[in-house]
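The two complexes that follow have subunit A in common; it is paired with subunit B in the first and with subunit C in the second.
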Partner chain A sequence: MLKIKTADLPALYERIAQSQDLFLPVRSAGQTDFALWQKDAQVDLDTLKTVKSPKDVFFPQSETLYSCHREDGKLSVTPEELCDKPFVVFGMKACDVQGIAVLDKVFLSEPVDSYYAARRTHGTIVALACGRPETSCFCTVFGIDPAAPEGDVVTWMVDQWLYWDAKTDKGFALTDFLHDLFEPADESTVEQVKTAIRAIVKKLPYADLSLEGWGAQAADTRFDSPIWEQLYKPCLACGTCTFVCPTCQCYDIKDYDTGSGVQRYRCWDSCMYSDFTMMAHGNNRTSQMQRFRQRFMHKLAYFPANNDGVFSCVGCGRCVDKCPSHLNIVKVIKAFGKED
Partner chain B sequence: MSEPMHECKYNPGFMRDTLIPQVGIITDIRTETPDVKTFRVNAPGGGKLFEHMPGQCAMVCAPGVGEAMFSITSSPTNKEYQEFSIKRCGQLTEHLHSLQPGDEIMVRGPYGNNFPVETELKGQNLLFIAGGIALAPLRSVINYVLDNRDNYGSIDILYGSRSADDLVQRKEIEEVWSKVPGVNIYLTIDREQAGWDGHVGFVPNYLKEIGFTTDKTAILCGPPIMIKFCLQALQEMGFSKEQVYTTLELRMKCGVGKCGRCNIGTKYVCKDGPVFRFDQVDELPNEY
Partner chain C sequence: MQELITRAKALLESGEVQRVLGWKQGEHIYDPEPAFFDSAEALKDFVYNGFCGANLSKYMIEAAKLEGKTLVFLKPCDSYSFVQLMKEHRVDREKAHIIGVGCKGKLSVNKIDADGILDIQGAGYPDCADTLTVDTLYGQTTVSYKDAMLERCHVCKGKEHMVCDEQIGESADTADSDRFAQVAAIEAMSPEEKFAFFQSELSKCIRCNACRNVCPACSCRKCVFDSTKFDSTQKANTTSFEEKMFHIIRAFHVAGRCTDCGECSRVCPQGIPLHLFNRKFIKDINSLYGEYQAGVDAQAKAPLTSFTQEDAEPSIVAEGGLTHA
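Showing the complex of A and B:
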């Protein structure tokens, strides 16, 4: 275990940024999101939840897949270069790190998505334990410990110090690179902080949320429930929940006309949108109830059925905070809980 | 459940993503019906773009217009080229219909599973039932089976469409398929038409009239309403759902089970399908 004074963190950022890109929570235009570090960046480690999850560091909101050039009626295809430079994501919370583990199951399963895999290969995740979990948090429901995140390096903020613990080869390599900035630290301080965090988490309003009845078996038992019809009505189909979600990975592939061809790019999409499944010959989900049901059935039933029980929700609570109709996965889980 | 963070051991030597298409040249276009054309596609240097199995699909893209999944209608036993029979029914297909031989498109694939021609279907008597453009996916299987005739039993092909002008691959049906020993062809059209002396009536009714014995495996593709009544008719004849195969069709973007569009229940139609047996279809939530 190592530590560095929080006052010295700018030196640490600068050192990392000398050799690689550094993404971390930056306050800009009144809100905090992960962004590329620059000297004048207003780094914000106090805000617990960034508005968007940091998934876009690995799975950008929009990215070019290839360019297609047309000349004299002939087409040529040039794949986009894959990420080939190391980078660091600093300050990811336990829920968002698990969000990446969920995306891994999608994009790193065969056939591997090479764009995502290249970023995962080159990215080092420095996780930050949650000092003060908030009322909309419910990560522990999914077995996540906000006091001890996964990651290549795990850090804890204690008083005026950042405690630093490397966990993987990538984490050790980064630590070696920064070694002169650290001093040795005592594990017991961090253990006390972990205990304190876990005590807060136990008292959160959603701490006792039960996932009973969800998981693989729900794929058969909950699809036809009348509860969906009662629940979905406030849904505006705005897609905000899918865009702030750390695990939503549905995407669209579209063309950008370059004049002499196209750039074919993919961008985040949302299963909440009415044209998501629209084909020339029709649409298999014509009502918002069906689309609403699909999102939650996918996260709480289909995904675990296909991934050894792992849920595609990490309890970050962003949908709880951001839905304009106060509709969210907690409401869904609770509604089915009452039924049982 | 949370689990330990694995380091990504992805091989940086991996070069070409499955989302990247190849350029294909249209080398022939046959007008099958007023709204269906069959496009023959070759690699720019000649030959096929890739190998596939019967029932598999490919993404066909016209840059700037769109990209969609189409079943590959040619059989893998054809070593020269691949073919797609495409009905004009939307933006992309409208554009494809305007193309000429020599024009280039982009193709990626093959995607999805295939009809089990080398396993479950081998040695079986086969009953093909198709309506309209849905002959396209079955043609791949039929030609595969005919080119490996000794591996299969009797072959019955029941095919219907709105009118005689809407029968796809009519030339091949009459000049090739109907001349193969042990192959019975049953054609029907929905309504009487001058110059047509064959059967008139909907496919499900004709199916009941013929009344096949259950010592067969059926492969059924067509519009949803036709599928529904044909499946009922087959069950009345004593066929079990395990004896009947079909293909599902949903909106697709990636083709590899990641973009989320064709997800129903625990399946992704692009990856786990498009070929399903009806007992497998029954296990899916009813939203296909």
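Showing the complex of A and C:
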């Protein structure tokens, strides 16, 4: 266990940024999101939840796959280069790290998504334990411990210090590179902090949320439930929940007419959108109830059915905080709980 | 609140209305959701408090397609949206029973600077307190009701309902700032400063479309941005031009029809002050064509859809607020 004064963190950022891209929570125009560190960046480690999850460091909201260019009657195709430089994501919370584990199950299973895989290979995750869990947090329901996140390095903020514990080869390599900035630290301080965080988490209003009835079997038992007809009605069919979510992984592939060719890109899509999976035959989900049901059934039934029971919700609570109609996965889970 | 439930029950039981559109109790006081109630029994979950900011007018577009009448609760500012939708023939006045419900300013939990909010006292209706007491996981704190109000309530349009069949509850005019002050401040910026301001705000946009989907003026059956044939990047800000284009096209499209209900800014997950675009148009319309408030009168001709010989010349319109600030 090592530690560094929080006042010295700018030196740490600068050191990392000398040789790698560094992504971390940055406050801009009143909101905090993960962004590339720059010297004048207003780093914000106090805000518990960034608006968007950090998933777009690995799976950007929009990325070019390849470009076609026509010149003098000749057509050239240029594939986008894969990420080939190491980078660091600093300050990911336990829920967001588990979010990446969920994305891994999708993008790293055959056929492997080479764009995502390249970023995963080159990215080092420095996780940060949660200081002040929020009312909307329910990660523990999914077996996540906000006091001890997964990650290549795990860190804790205690008073004026950041405690630093490398866990993987990537984490040790980064620690070696920064070694002169640290001083040795006492493990027991961190243990006390962990205990304190776990005590708060027990008091969270959704700490006892029951997932009974969800999982693979829900695909059969809950698909046709009349509850969906009631639940979806306030849904505005926007993509807020999808776009702030650390695990939503659906994307669309489109061509952008550049005037002299085509830029083929993919971008996040939302199952809440009316044109989602609109195909040549037009057979998408035809009602908002079906779209709404899809999002929750995917997270709570279909995903676990295909991934050894792992849910594709990590309880970060961003959708709980951000839904314009105050609809969310907690209300959905509870509505079915009442029915049972 | 009980009075609203009692009246809704009576209207449901008499068969005068088939359903009630109101707000449903959430997990906390601060997360009620818009909801349809089909029976008197279902109304046990009905709630009306300081956090019922959602404007229900837009849901009346869907309600107009349903069998029978819908009872809807509209706050004074929501009623402007309903009138505007009547004007655009998007709602059916005959199929709406409107209860104009009182409002003393609506709150946003995002305006309360506290972590781990569990409960808030003083946010009820009609009995709201000048100071809210906020219980959190980390102790108790207080915030003044005014400081927790939505932006739109600081420029309240007044206590009057523009349309309703009956009224229940008292309202308060909560205006305490100049509606156009922020717009004027931006107009006073240099072009470079303006660009930097909008760049920093709009670059936060995640293209979730919440602003569009909540907007009562955005009632197209198919939005151009949802068209698979429209050659834009739609769901992603592939270029920095793209994100500005979305918001500017939207602002132009609702110009003259936007009632300034403020729902766009209320729902934006990134806190972008989208109402400023709309308010700039309103300010310019006021200065070019005379004072006009959309949603006051369903019959009146709107300045941008009627022509008079006194209309400003296009060159003046193009200069917009620069000459008419």
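The rule is simple: the second predicted complex is superposed on the first by the 332 of 340 C-alpha atoms of A that agree within 3 Å, B and C clash if a C-alpha of one lies under 4 Å from a C-alpha of the other, contacts with A are read in each partner's own complex, and residues count from 1 in each chain.
Keep in mind that, in the parts below, a contact is a pair of C-beta atoms (placed from the backbone, for glycine too) under 8 Å apart; a residue touches a chain by one contact, two chains touch by 3 or more.
As the structure is a computational prediction, the values presented were derived from the model and not from experiment.
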Handout entry: Touched partner set for A:Asp145, first subunit B, second subunit C, both or neither
Key = first
Winner on subunit A touched-residue count between subunit B and subunit C: chain B
I'd like to know which partner A:Lys105 touches here: subunit B for first, subunit C for second, both or neither. neither
Where does A:Arg27 make contact in the superposed view: on subunit B (first), on subunit C (second), on both, or on neither? neither
Task: Contacts of A:Phe243 with subunit B and subunit C, given as first, second, both or neither - done: second
Counting only touches as set out at the top, which of subunit B and subunit C does A:Lys52 meet: first, second, both, neither? second
| said: Between subunit B and subunit C, whom does A:Cys267 touch in the aligned arrangement: first, second, both, or neither? | reply: second
**Request:** Answer with first, second, both or neither: which of subunit B and subunit C does A:Arg15 touch in the superposed model?
**Result:** neither
| request: Using the touch definition from the top, say if A:Met278 reaches subunit B (first), subunit C (second), both or neither. | output: both
Message: Under the stated touch criterion, which partner chain does A:Asp257 make contact with: subunit B (first), subunit C (second), both, or neither?
response: both
Subunit A positions within both the subunit B interface and the subunit C interface are 252, 257, 269, 278
Within the complex, subunit A is touched by subunit C residues 26-28, 31-36, 54, 115-118, 136-138, 200-201, 203-204, 206-210, 212-214, 226, 228, 231, 233-238, 266-267, 269-272
Residue set of subunit A touching subunit B in the complex reads 65-66, 68, 70, 73-77, 79, 82, 84, 94, 97-98, 100-101, 104, 106-108, 111-115, 117-118, 120-121, 125, 142-145, 150-152, 167-170, 219, 223, 249-253, 255, 257, 261-262, 264, 266, 269, 271, 276-281, 284-285, 290, 294, 297-298, 302, 305-306, 309-311
In the complex, subunit A touches subunit C at residues 28-31, 33, 48, 51-52, 61-62, 132-135, 200, 203-205, 233-234, 236-240, 242-244, 252, 254, 256-257, 263, 265, 267-270, 273-275, 278, 320, 322, 324-327, 330-331, 334
Listed in rising order, subunit B residues that touch subunit A in their complex are 1-8, 10, 12, 14-23, 63-68, 89-93, 102-106, 249-251, 253-254, 256, 258-266, 285, 287-288
